[in-house]
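For reference, chains read A, B, C, D and E in written order, and residue numbers begin at 1 within each chain.
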Amino acid sequence: MNVCIKKLMVWLSLWALVGSALAEPFAPGGAIGSQTDDGYNALGPVVEQPFEFPHNVHAGQMGINCMYCHTYARRSAVSGIPRLDKCMGCHKLIESVKDKPRIKKLFEYWDKKEPIPWKKVHDLPDFVRFNHERHIQRFYFREKRSIRETCGYCHGDVASMTTARRVKALSMGWCISCHQKEHLENASTTKTSNGPNDCWQCHK
Amino acid sequence: MIHTTDERDIEVERRFVPKAKDINDEIAWAQINKDVLRSMERPRMMYWVIFLASLALFSFGVYCEVRQYQSGLGMADLENPQVWGLYIATFIFWIGMSHSGTLLSAILHIMHADWRKPIYRFAEAMTTFSLMTAGLFVLVHLGRVWQFYYVVAYPNERWTWPNFNSPLVWDATAIGTYLTSSIVFLYFGMIPDLAICRDNAKGFRRKFYWLLSLGWQGTDRQWANFRVTYLTVACFLIPLAVSVHSIVATDFAVSQQPGWHITSFPPYFVAGALYSGCAAIITLFIILRYVFRFEEYMTMPILDKTCRLTFAIAMVWTYLNLIEYASVWYGSDPYAKETLIFRATGTYAPYWWAMNFLGSVVPFALAFKSLRNHIPTMMVVSLLLNLGMWLERFMIVTPTFAHGYYPWTWTGNWWPSWIQWGIVAGSFGWFTMLFMLFCKIFPAVSMYEVKEMVYHRFMARKARAS
Amino acid sequence: MSLSNLIKNWSSLRVRRPYEGQYKGKDYKWAMVIDLDACTGCNACTTACYAENNLPVVGKESFAKGQAMHWIRIERYWGPGDHMTEEFPQRGAQFLPMLCQQCEAAPCEVVCPVGATHHTPDGLNSQVYNRCIGSRYCSANCPYKVRYFNWWQYPERAWPNPLELQLNPDVTVRSKGVMEKCTFCVQRLTEAKNRARTENRLVADGEVTTACAQACPTSAITFGNLANEKSTVAKMWQAHQIKLASDVQEKDDTVRGYRIFEDLRTYPSIVYLEQVRDLEA
Amino acid sequence: MSKAHTLALYSDFEEAGRAIQELKSANLQGFKMDDVILKSPIEHPELSEMLGSRPVYVQFFTLAGAVLGSSIGFTLIASAQANFLVQIRGGRPIVPLPPDLVITYELFILIGVFMTVLGCFIGWKLPGNRSPIYNTSISEDKVGILVKAEAQTIPQINEIFNRHQPLEIIGEQGR
Amino acid sequence: MSSRILDRRDFLRVLGIGGAAATLAGCGNTSIESGKELVMSYVQPEDFVVPGVGVYYASTCTQCGSGCGIMGRVREGRILKLEGNPQSLISAGKICGLGQAGVQVHYNPDRLRTPLMREGDTLKPVSWEKAQASLNSRLGPASTLAGNQIAFLTGEISGHQKVMVEALLESFGSDNHVVYDALSTVTGRAASKAVIGESLPVLKIDQARMILSFGNDFLGSGVSPVYMAAQYARFRKAPRGTLVQIEPRMTLTGANADRWYAIKPGTEGVFALGLAHALLAHESYAHSLPAELEAALKPYDKDTVSEVTGVHAEAIPHLAGMLWEKSPSLVLSGPSAEGHVRGFNNAAAIQLLNLILNNRGRSLLGSAVHPFPQLVSATGSYSALVKLNQDMSAGRVQTLLLVGTNPVFTAPTFLPFANNLSKVPFKVAFVTQLDETAHQCDLVLPLLSPLEDFGTHVASYQPSGVEVQIQQPLMEKLYPETRGFGDILLELVKLRRPEVYKAFPDYYSYLKTAVTKAKPVFKATTGDDEFWEDALRSGVLRLDLPAAALESKEGASVVQVDTPRVLDTDVHYPFFFVPSVRADLRDGRHANLPWLQESPDPLTTVVWDSWVDIHPKTANEMQIREGDILEVQSATGSMRAKAYLFPGIQPDTVSMPLGQGHTAYGRYADGMGVNPFKLFDPMFDEKTGELALYATRVIIKKTGENALVVKDEGPTSLQQNRKLVATIGADQAQLAKENAHVTE
């Protein structure tokens, strides 16, 4: 009988292997197995940027609000890469770091009046339309959560990174896992509601 | 000793069926093994002709499908509203063809119809392969075939499910169930025969049959479990087969289109399915009998019985067909009536009349014994019947699109492109290829059941003699 | 989770739609009224739709095969019956702008195997391109034949450079093998709702409209929120005595509103107003 | 107390039947009727009956499969429909009974078939547990009787076999 | 905002292309990726630029001369869509299909991107410097051209572009500004001017209780269709007016008529006179005409008129009865009535009805006097082209500049325009895309598209008051080698008259100065910059002026009344040939726009092609089926097209649409259909000398070939007893009640 069980185990594990191999293409952005306590953790690849922007300095040490640079997040679907003159606005005046190689590179772009060719780190499929404005308005302005919590839910703890790196699966199931939670409607109420469950909110 | 019951049966049989015997009951068991095993070794030349021809046809179908896959379904000249074309029509055709395998192997098994024994195996194989072919059409037909797995209900990272309301999901479930059950049934019923193959094969083939025969030794325990299981699966298969084609019928009947939204569609489809399947069995019967030299087993009396069965089903189909026309004609839906008139008088009228002629008049050839026993005639008639049944499916799909609710999008004389015809032809190649391969690799005649048949007759004869 | 949901909400999950008062107290139910007496058949709406929704120009050959991709098409009829009774069309032509009727009980929604088309809470009949596998069952079951299939890989050929710069970034460019149809310009609706939510209010009447309604030179198309009883559309539905959730309307003879193929119980969201002709002329 | 096997081949069921009859009545030591296995190219229920009651449990698997298939089927479908992404379809409730019953029916059959076959395999004691002596002629036209008994009883059994004109008697070491 | 505009151009340059690449990938990227795509970033954008949010800018549509105000939706530096500008009186927030397709002029893949210069038989791309040098050597200060040796051939043109054209000509002492319009309405305008007192009077369609239109397609290809459509919509509201259309081939307006009559082409005047005769029977109208005219109308009894026109005899008293009852009415003449040898007289007879019915001052008003006559739209005519042709033939034209017109395509066969064009030593075409005429020029200069350029326009039809429409760029220019029409002309004029123009660095500053100078006229009290910014923001400068009174010296006396005579049957050419003008393709200048090619013709639903309309009865007699390829032969030429069975046509008439049949106008136009301009016989209006477009006679021959007619319509054009378009009688519908319910 033991032999039977052993054989069965071998068969089952073999099938599990085949199954997971088959399941791979079905699970873009991370399989269900890779769950952690806050949802689905799936570390993205390291993205080579034109130069290494230190989020840890800006958001971490300086404690600058994310929306100071990513200004469009509260009024547009896209959060936007900060415009070059925004960088210059400060860095023109900060003498202490002017000679650092990254800042030199920044000045080079500014002198050429060329935008910096940043690479997308959180690049959703083209048929997915995530709206930053709605999430920021709801969780930052209405529910009064902290900006690090609001942005960090999807983008991870950017204050501890230099260039940003994807840390969440960003799969549809992950989106829905949050949409089906009950969220407070605003900071001063106990009334809750959840995110929309309508396909056309994100796909159109 | 214990053959008294058999004796009584034989008496009854003799009184009502006094004529030719289904099979020569003096044939030795060893001879049965030898004959069938030989068929797997050295068939006639014709085998290779058929096989290569079907391979060529299949390759052409693949070529057409590759072109369509790369450029889009526009290659098939599909359009709004002719969105389905030949693919769905041929899909129904193949699904339908699968049904008579179940009829022969399951229903007649339960009813202890002995004559089915030499022919049910290939009929069952036909079921399996025509289902596979039908499944192929579902894929060919899809606009984004690479996403076909969205239809399957499985937990996924998108947290989405298919739409269980859709008859297509019922279809997918039903056909999936039918295909797996058919394969199980076909394989299961073949295990004793696979053991025979194992015992007579050498080299890797022995290993192959050894693996498949699951250690069959013909022990009493194996036989007892086998009998119960086989019977149970057969019982499951009968309602399943009926449900499958009923569900295919609901693809149309559940929709709202005129000419489709008809209550009698499910039985009509089931009858049509059995009909075309039986006709296909006659065709394959004739081919196999020649190619594999099965004259001893696939005897003329069996062909005769099959033909009579086909005739009976043809008449059932004819009746249901007329009922459909009548219910539409006397019904209160003016659009459906309009579609019916369009079928009979519009662009596709020649095909409609051809379908009715081939489906309801040609089968009367089966009513004549002299014709039933003339093999070339039966070959032609069975092919014609299947052509008629294919036309039936074409006439269900196309005219409703051509003349539906919305007059602005009616089509004048829509005709499928050569890509569609190529893929349809390729499907016949694919089916024949698979079928021929099967007959070469697996015993096409059930040896152990023919032995049973011979044994019972022999015993009965012996009992009578004593 | 789902199982508890099933048990907890069993009765609400068993409700059959549409029912009277379904949108009472809801925020939005988008609907339309098309006045056929005002429609001149000029095709401005069609072109506006091409511009707004990234519809591909399919070219002469594909058009000849019936593969045109116009989400809104203007049909021109010469009479009601099955043959022309007069030598000339004395009362002019009958033009009909036909677009997705956004049925409340849409035949297409039921039959889609993968659920790529379903009903949104706003009462729209949605089509999700990335979910669609192209079985075309929805189109087969649509009585209005207003669903259009991507028979070809149009992005490769419909917008030679630099025509692709015109494409609306709010609307997905559809690849081959998916079904598409009129969306009531959902990208505009979403944008307006988004704006309204940020400002903590509902979308006002007239704040958002579809591309066809916006272009229509005779303003034959009225678009709006039926859930808002004060909206123009709701008033017109009332004036024309059309109830969303009934398939037989009890109404006066003089009232012009009707919905097409109402007897098929599709409960369309578009009310057409009968063409008026001075029959004494 | 070692057990040994022997297999006798007969050319037809009648002789085999007589041999079994005699085995049964012989009342030998170190041998049970349960250890007699009939091997035949076709099924012969009457002969099997003589070996005593050997119950088949496949039906119970079938029943379990059918019940499981239909209940789990319906629950899975209905709860999938009731998940957070509620898929409203105009004109139908979110959990519509007729479609769900159709699919439930199919699952009832599918699981039923699978469980039946599984039951059969279990009845066959797969994998493994094959009887040690077999002859290929059994699959052709011979009837074999395999007996497992105490090694010392084997000659007596063979004697009984020999009385009924066996074609061959095969022991564990071969013929 | 002036600086803003320039800044906007700046940021647009940075952004332009990046945004677009992301769109097309809509079918590419289907899974989550990191680091594969670039993310857009700005260098120094304006504050109001928010990526992902569209901004609207006002401008003016230049697709036709109607001068509709438009708004362009701009996102990430790309113009995406045009809408009507609600501030514009003409468009009132609405837009037609032709206007929508303006973006395809701009994004057309066949746009000319560099200057071309003739080298032998071919046009070779050259740099702007070289092109400019060539232009300067011919037209610069060293030019030896004098007087009318230089000619400027334009299409309909208005605003400061017209001013610049005339300034350039003036610097040579030339007044040879030739305005050519293949579909000129000169005859009708002349008749209207003579009878009513205004060539293009203001039509108060919404005020009329009844409109009787003789082939006037005001909803389709007429003047200002968007404005007219809005008027028409109001006309159809309670109290609902009645529209009756009389024409040989149904137009879009005819398709919307309450009653449509088919008439033999050219007999509209007879019908109008017959109707006049009938109208005078009513006591209130009895003596509205001079007695001798009234007497001359005697032979125009209903039976004679019916025999001549082919319209049922009872139609005349019936119409007269309605016109008596429904007042004020409006009688319109249209191209199909005017395009005949006696076209002027037809039109005059039709306008006579307005006199009888006393519509002047009620539904017909005079238009306001424009304070800037130099900006007013120049009306094109055929006779202008004839004169230019003679000049060229005689070698009197040394340099010809062309813009906005394609005479090689539209000139009839008997006018050897292309031949004579080759006699002109130096021909310059200003185009956005090469066409048949530009192919024959020596220098082809690529223009900015209308969505990239500045300009001002004055509508050809101004419904009330006066307006100047402002055109501004909605997008940074796509191709560096293209220039604005105004800029090029300004450069040239600056060379000739530096003293006047040197203050203007570019056309933009010229325009700004010119417009702000007009500030007092518009009674603006704001500062110059503010005034200019307001003008750009609203897209229109508007001045309410009272309508002028309508007076005419000649009046009814213009109308010649002959004895009504049945038209001869021509044994060689038994069919009347009337062209149909599509509202979108017009004379063919828009055939390069794919949206318009794919937009079905409203009446036949044919796309991408030419066809021959033939009445089903006639077709039946001749055993012609749909799709049979017919040879249509006139005395001048012949061409082949597929037959389309069209019930809305007089049975002795065949019709073909204009606008197709291009041979060198880009991928969307070339090879589509045939060009019926080449079929016209040399028939001219006896009064104005305009080409009589509707007077050609043809014979139809079957070729025995058959091809599929590419159309949207299926095999049936009837509703097949389905309630698709229900019709209700006007007496039964309660439009006023409906309206009250909605507006309450």
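Methods note: contacts are C-beta pairs under 8 Å (C-beta built on N, C-alpha and C of every residue); 3 or more make two chains touch, one makes a residue touch a chain.
If you're wondering where the values come from, they're calculated on a predicted model, not measured in any experiment.
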{"item": "Neighbouring chains common to chain A and chain B, by label", "value": "C, D, E"}
{"item": "Chains touching both chain B and chain D", "value": "A, C"}
{"item": "Innermost chain, where centres are averages of C-alpha coordinates", "value": "C"}
{"item": "Comparison of A-D and B-E by number of C-beta pairs in contact, larger one", "value": "B-E"}
{"item": "Chain at maximum distance from chain D, centres defined as averaged CA atoms", "value": "E"}
{"item": "Inter-chain centre distance, chain B versus chain C - centres from mean C-alpha coordinates, in Å", "value": "43"}
{"item": "Interchain centroid distance [CA atoms averaged], chain A/chain C, Å", "value": "36"}
{"item": "Centre-of-Cα separation between chain E and chain C, whole angstrom", "value": "32"}
{"item": "Centroid distance [mean C-alpha coordinates] between chain E and chain A, Å", "value": "53"}
{"item": "Shared-contact residues (touching 2 or more other chains) in chain A", "value": "28-29, 75, 125-127, 169, 171, 176, 199"}
{"item": "Multi-partner residues of chain B (at least 2 other chains)", "value": "159-161, 163, 165-166, 169, 405-406, 408-409, 411"}
{"item": "Residues of chain C engaged with two or more neighbouring chains", "value": "68, 73, 75, 77, 96, 107, 110, 115, 118, 120-121, 130-131, 153, 172, 261"}
{"item": "Chains grouped in pairs wherever the two touch, ordered by label", "value": "A-B, A-C, A-D, A-E, B-C, B-D, B-E, C-D, C-E"}
{"item": "Sites on chain B touched by chain A in the complex", "value": "149, 154-160"}
{"item": "Residues on chain C engaged by chain B in the complex (per definition of touch)", "value": "62, 65-68, 73, 75, 77, 96, 98, 107, 110-115, 118, 131-137, 139-141, 143-145, 147-153, 176-179, 261, 264"}
{"item": "Parts of chain C lying in touch with chain A, wherever the complex brings them together", "value": "118, 120-122, 124, 126, 128-131, 170-172, 183, 186-187, 190, 194, 197-198"}
{"item": "Residues of chain C that touch chain E when the two form their complex", "value": "36-38, 40-44, 46-48, 50-52, 57-60, 63-64, 68, 70, 73-84, 87-96, 130, 153, 155, 159-169, 172-175, 211, 214-220, 232, 235-236, 238-240, 253-256, 258, 260-261, 272, 274-281"}
{"item": "Chain A to chain D touching residues, read off their complex", "value": "3-4, 7, 176, 179-180, 194, 197, 199"}
